[in-house]
Amino acid sequence: MNDRFNLYRFASPATFYPLAGKMIPWFVALAVLFGIAGLYIGMLVAPTDFQQGEGYRIIFIHVPTSWLSMFIYLVMAFWAAIGLAFNTRLSGMMARALAPTGALMAFLSLWTGALWGKPMWGTWWVWDARLTSELILLFLYIGYLALVAAIDDVRRADKAGGILLLVGVVNVPIIYFSVKWWNTLHQGSSVNLAKSSMAEVMLWGMLLMALSFWMYSIAVALARVRTLMLERERNTDWVRAELMRSGEMQ
Amino acid sequence: MLEADNLECVRGERRLFAGLSFTLEAGELLYLQGRNGAGKTSLLRMLIGLLPPEVGEIRWQGEAIARHRDDYHAALCYLGHLNAIKEELTPLENLLAGARLAGETLSEDDAIDALEQVGLAGREDLACKYLSQGQKRRVALARLVIDRRPLWILDEPFVALDVGAVDWLAGVISAHLQRGGMAVMTTHQPVAIPAGTVRELRIG
Amino acid sequence: MLDIVFTVIGRDLKLAMRRQADIVSALFFFIIVVSLFPLGIGPELDLLRQLAPGVLWVAALLATMLSLPRLFADDLRDGTLEQLALSPHPLGLVVTGKVIAHWLVSGLPLALIAPVLGIQFDLSGDALFVLTAAILLGTPALSGIGAIGAALTLGLRGGGVLLSLLVLPLYIPVLIFGAGAVDATVSGLGGEGHLSLLAAMTIAAIGFAPWASAAALKIALE
Amino acid sequence: MIYWNSFADFIAMGGYGFYVWGSFGVTALVMAIEPIAVGRSRKTTIARLKRQLRAESRSKEA
Amino acid sequence: MLDIVFTVIGRDLKLAMRRQADIVSALFFFIIVVSLFPLGIGPELDLLRQLAPGVLWVAALLATMLSLPRLFADDLRDGTLEQLALSPHPLGLVVTGKVIAHWLVSGLPLALIAPVLGIQFDLSGDALFVLTAAILLGTPALSGIGAIGAALTLGLRGGGVLLSLLVLPLYIPVLIFGAGAVDATVSGLGGEGHLSLLAAMTIAAIGFAPWASAAALKIALE
Amino acid sequence: MLEADNLECVRGERRLFAGLSFTLEAGELLYLQGRNGAGKTSLLRMLIGLLPPEVGEIRWQGEAIARHRDDYHAALCYLGHLNAIKEELTPLENLLAGARLAGETLSEDDAIDALEQVGLAGREDLACKYLSQGQKRRVALARLVIDRRPLWILDEPFVALDVGAVDWLAGVISAHLQRGGMAVMTTHQPVAIPAGTVRELRIG
């Protein structure tokens, strides 16, 4: 009984709003820090790849965005499950706040992949399994955004969107394993990197960049969720107090 | 016994009503009143469990309907402002299919009987899309002739009916109350229900 | 318990018969779309043979999808859906019935006509057989997944197109394995693996989709 | 430690400049625009909510 | 006289904006359908390049067609169509407005995105240009012809599929010349002839279709 | 002057009425009566020219309406049992678009005025899908406030309205008659129209 109370308390917007406000600067700082370190290693320190030349440096964006596009979807599905199971107000907002960032990550993954494909494979696009499933992931994001935008009642929109997220989550493992299931043009897992002598530097660069993108996504999503909270809870006392306060500061 | 406890209804930005409570016993009719947009339809949809109330609880025989949906729905007959009839099917087919989907058994003879009572004799085999508005409403109402479930919830049942049909329906509701049934009803037309206890509730 | 499933199937089939258009039309849509391609692409048989599995499957997807918006919309508009939600049976079973009826009207006929269309594309006997089996195994999954999309977009204006946006991405695995089965047969690899994957998808979809749809329907009714 | 010999080399990226900088540039652009858009929507939301709040309290006084 | 046309266009566009989904969705349907084919057919670029014009045109046909059922159905259901038929303006002009609005929402965006999709199929610059021009010239004819079909099937249940049955055969000339224009360009013959035929079809359709639709609508209202 | 001359209506196999004639002069209201399915709606659809009569002719100002459609339609305001409003648009937008499509000019202020009169003040900017049934009907009726065309044809205009709105609408119709307008109306609810000559016609 007590646990549940605490869970609800944490999930209550009134508690979460100021907490999120305090966390955002930290995540921004971490994102910048990791970003600078990652770019330094990736762009300045890391040597060239013997097969791909300097073109391979796209990896430092391509892989983090690809990872995050999938990861954010999983997180949204997690929030959706929580929301449907416990009917918490926060979870729907979280899913919605993450969706645009996830969609952008999917877009960036496609964009950087396309720019990488032209020099490496000689074409902007091939209908290979991984590329295609990443494209589907983008469609799933857009479908989610379109669905929640089409339903005016936010509570209903969140629930319907949640069901869609849970149904669509099957696509994520498909993207991840697509390289194994179909033999295709796209790179397999990082094993081939481990063979080369430069592997360690590259891996570090990639990891740092991934961390940076991750922190960035959290910061943006938290900022977005704060706005959503104000919007949706505008009739509660705490939002009124918050609005008064922000008036004094200006 | 149907109990509503401290119900609050919010649609969009608007709080339609709050702190609404009532109890309804066997043989009683609750006659909901209120101007257009007061929230009568919204209240009925709460009572049938399709619209969760913002605050408050609804209990049937002492148990919250949110937790005992199937039992509650087995005891409930709802007639909304939509007729729930298929335009392609004939009145007879509509009546039979409706009963079967509601989990009841209904013989064809009984169904024909019911249709005759609502004044559709001779039109049992005409697709409903050819019927007039009042006749369509009558097809929907034919269910009430044979329905023996204890709780009836009726949203503006008299709409589109002619004078004769209004009297007939008032009689059907009376008979239901006398049998020990309960009913919740809205209507803007003043209609006299001869039997049972009528309790009025005004919202908004 | 299963009574309600059969009742729903019976009712939906009767409605489909009464409307007539329903049954033939999904089929004719399929036939027309398949026949459009040779017109847009040209008559070379070699090329067409390569295209056949893909074209037939895409057409099957679209034909199934086309009838989805009306899966629940008619029932919503005339109030039947409210009554179904109020019936003492689990809504998931009602939806199961509707999904099966949808497949009988829109999926099964496709499987029956597919071999004929396959001949137009000069497919071999083996390939025709696998094509039919694949469509037979895959289309129930399409109906099931489609029901979720139909329920989610129910009552939204412009829902028909939104529906396709939601559903088509989820159809893609079925498309890939369905077309892959025929391709594999043509290239001599044998399509059994693909077919069993299709069967697995269909079982998963039929078991799971009605309950997801039922949840979505309850939301739409609020 | 630094791998590049000159700044020009760095920009040229061994002939892959267009692709590499195309990727990094668009990413930087997106990651600059997104926070700005979030911030702006936050400002307009707050302004709107305050307007509503004021209108409400005024109508209550009246 | 033309006032009423603009009024109708304005109203329909406002409705489309309000629904949001409408505008993006026809477009995304187009994108998704085009993307489905390579999945069903396989990734070889040579093959795909040959297919591109046909696939893009078939997808454009289907995307236009998908929004047709709602062209008049919403107006019929809520009684607006009766009121339009009772307005003192010729019904044909009202329909002209609706056709133009339909094209602005469902045809124009396709033309704008077509080049991007063409790149995915590895088409050359010339071919991309002709493809865009062909879609720009051909889609108004699709909207016009579609309006006739939408009016004829109005109010019939199962109309959506029946509609495609009526309309697709009439779309075939547009498809053949539209895809032909691109094919001709690719093979170096030049697509001008095809393009001018497309333009002629569009002019004929826009001039004639609204009046045929208006006649059909009057019958549907009886 | 509206004249109906020896009208006959056949639907399916059934002859609903035959030999029906009447004339309607300025300031007169024709109040159509009849049980459900008698053919009232069918007659109204003949009068507006959307259903050609089996036998007989309808004349407006002495000329057959079938031959002078546009003139006739410019003089006619019809309100069916469907509201002819778009659920996505707000009441204000619906009213403005409706007027413009009917070929009239209506300023925004007048439209807001009309909506206020039908009791929709404060809901001008809410999409119609959120309105209650009675409120939707009111949006449709708002047209009557500003309509100055001579002939009104109203199919059950009082349906779904609450008591206050019924009185208000009766007043609007009276004013129209006093202005020298004509009206044809059906309703199953007894409603008193204070002004003008009321002529009753019973079918079936």
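Lettered A, B, C, D, E and F in written order, each chain numbered from 1.
In the analysis below, a contact is a pair of C-beta atoms (placed from the backbone, for glycine too) under 8 Å apart; a residue touches a chain by one contact, two chains touch by 3 or more.
None of these values were measured; they are calculated from a predicted model.
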item: Relative to subunit A, chain with the most remote C-alpha centre; value: F
item: Subunit E against subunit C, contact positions shared by both copies (same if over half, else different); value: same
item: Among all chain pairs, the one with the most C-beta contacts; value: C-E
item: Whole-Å separation of chain centres (CA-atom averages), subunit D against subunit F; value: 56
item: Whole-Å gap separating subunit B and subunit C, where each centre is the average of the chain's CA atoms; value: 37
item: Centre-of-Cα separation between subunit E and subunit C, whole angstrom; value: 25
item: Where subunit B touches two or more other chains, by residue; value: 12, 81, 87-88
item: Subunit D: positions in contact with at least two other chains; value: none
item: For subunit E, residues contacting two or more additional chains; value: 19-21, 25, 28, 32, 39, 42, 74, 157
item: List of subunit B residues in touch with subunit F within their complex; value: 11-12, 34-38, 40-41, 81, 119, 126, 130-135, 137-138, 156, 159-166, 188-189
item: Residues of subunit C touching subunit A in the complex; value: 145, 148, 152-153, 156, 158-159, 162, 165-166, 168-170, 172-173, 176, 212, 215-216, 219-220, 222
item: Touching residues on subunit B, where the partner in the complex is subunit C; value: 48-52, 70-71, 73-74, 76, 78, 80-89, 93, 97-98, 100-103, 127
item: Subunit E to subunit C touching residues, read off their complex; value: 19-22, 25-26, 28-29, 32-33, 36-37, 39-42, 47, 50-51, 53-55, 57-58, 61-62, 66-67, 69-70, 74, 156-162, 164-165, 168-169, 172, 175-176, 179, 183
item: Residue numbers on subunit A that touch subunit D, as the complex places them; value: 43-48, 53-55, 57-58, 61-62, 65, 100-101, 104, 107-108, 111-112, 115-116, 118-119, 216, 219-220, 223-224, 226-227, 230-231, 234, 239-240, 243, 246-247
